[in-house]
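Each of the next two complexes has chain A plus one more chain, namely chain B in the first and chain C in the second.
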Partner chain A sequence: MNGQEQLLNNINIVDFTMVDLALFLDTHPKDRRALDYYAHYSQIKRQLCREFSKKYYPLTMAEADCEKSWSWGEAPLPWEGGCVHVEL
Partner chain B sequence: MQDFTYVEKKEERPLAMAYVKWQKFDKVYDELEKAFRIGTIFPELNKPFTGRRCV
Partner chain C sequence: MWSYEKRLQFPVNIKEPNAKLAQIIISQYGGPDGEMGASMRYLSQRYAMPYRDVAGLLTDIGTEELAHLEMVATIIHQLTRNLSMEEIEKSGFDKYYVDHTLGIWPQAAGGVPFNACEFQSKGDIITDLSEDMAAEQKARSTYDNILRMIKDPDVCEPIKFLREREIVHYQRFGEALRLTADRLNEKNFYAFNPGFDRCEDCN
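Our next item is the complex of A and B:
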């Protein structure tokens, strides 16, 4: 796995963790530790996504660079090999 | 949050009834990659089917 695939894989894993925490929070909205874990991983995911969009391309439009040039269109399309294979 | 706990004498219980205990936030896997492969961050939900019964 090269740097890009590793970073995308890490984003994927942190996102999975947030989804699991969110499912727990749905039924335990006041659970302090779960809230803290969610805030923690959400922060990490934001950093990883910002790093990814600087180094490679934006994963969401919100992260698209709009200073020098619009980078949203730069992401490779799925049928152009844009989808990264996730090794389980 | 309404309290849904429900206590009933063993003999009065129906033959079969699905239940989900109220989960308490205890431990979570700290190795996220391992949790991702397992499919949950909660050890208590890690119940792989072993061909005849769950672990």
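Our next item is the complex of A and C:
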């Protein structure tokens, strides 16, 4: 796994944790441990996304580079197979 | 309002095309218990839900289903990439190919097009949440059926991930149904629709 694949893999893992925690919090809104976990991972996700977008390509439109040309359209598409395998 | 992230929720990297398998898995794109019906069901049901927390759950699960729709489409796309005419004819993919070439179109494995009748938005919260629990189980059964037919680990892993999510969603909808039922008036023995029936005795 190269650096780009590793970073995207980490984003996948952190975001999946957040998706699952969010559904749990929807039905357990006062669970202290889940709230703390969510806040923790949410911060990591923001950092990783910013790092990925700076180094490789924007993952969201908000992170698209506007300096020379519109970088959003040049980014690889998810179904092209550029995403990495998670070792289960 | 939605925003898009240019990545899949779980990685899909299929190296070996398999048009026969693609024809089976397409049912989870546009079939009776597929991800298109799932996302449209939950996102449509939100407007009749009087409780904000449960409407929030419908939004979040409906949104995750859109990510699953993209994963299933990716699986079909990668299973049908670079097919030769011979493979298309031999695998039985020719009937799909004639109308859609290698494009992705929502249909069931048997060729029946996606239809909004595959889900309900009844405007009655107990009815809707009961349907949602059944829908998650039906999708889980379909993924189980698919898994019995796959040997390629590149296809198995994302399908196993999708199957596990059905189980988690079923748990959350079960909790949502309990949260909703607990808010009904104690005199509402038969769980009449609290979103519409305003009778004082039963709500």
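FYI, the second predicted complex is superposed on the first by the 73 of 88 C-alpha atoms of A that agree within 3 Å, B and C clash if a C-alpha of one lies under 4 Å from a C-alpha of the other, contacts with A are read in each partner's own complex, and residues count from 1 in each chain.
Here is the rule we use: a residue touches a chain if its C-beta (ideal position, glycine included) is under 8 Å from a C-beta of that chain, and two chains touch if they have at least 3 such contacts.
Just so it is clear, the structure is predicted and the values come from calculations on it, not from any experiment.
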First, second, both or neither for A:Ile13, with chain B first and chain C second: first
Partner chain in contact with A:Leu77 - chain B first, chain C second, else both or neither: second
Touching partner for A:Gly3 - first (chain B), second (chain C), both, neither: neither
First, second, both or neither for A:Leu21, with chain B first and chain C second: first
Residues of chain A contacting chain B in one complex and chain C in the other: 12, 16, 20, 24, 27-28, 88
Chain B residues touching chain A - in the complex, by the definition given at the top: 23, 25, 28, 32-33, 35-37, 40-42
Partner chain B, residues of chain A touching it in the complex: 12-14, 16-17, 20-21, 24, 27-28, 31, 33-34, 37, 88
Of chain A, residues touching chain C in the complex: 8-9, 11-12, 15-16, 19-20, 22-24, 26-29, 57-62, 75-79, 81, 83-86, 88
Complex interface listing, chain C residues touching chain A: 3-14, 53-54, 56-57, 60-61, 64, 70, 73-74, 77-78, 157, 168-169, 172, 175-176, 179
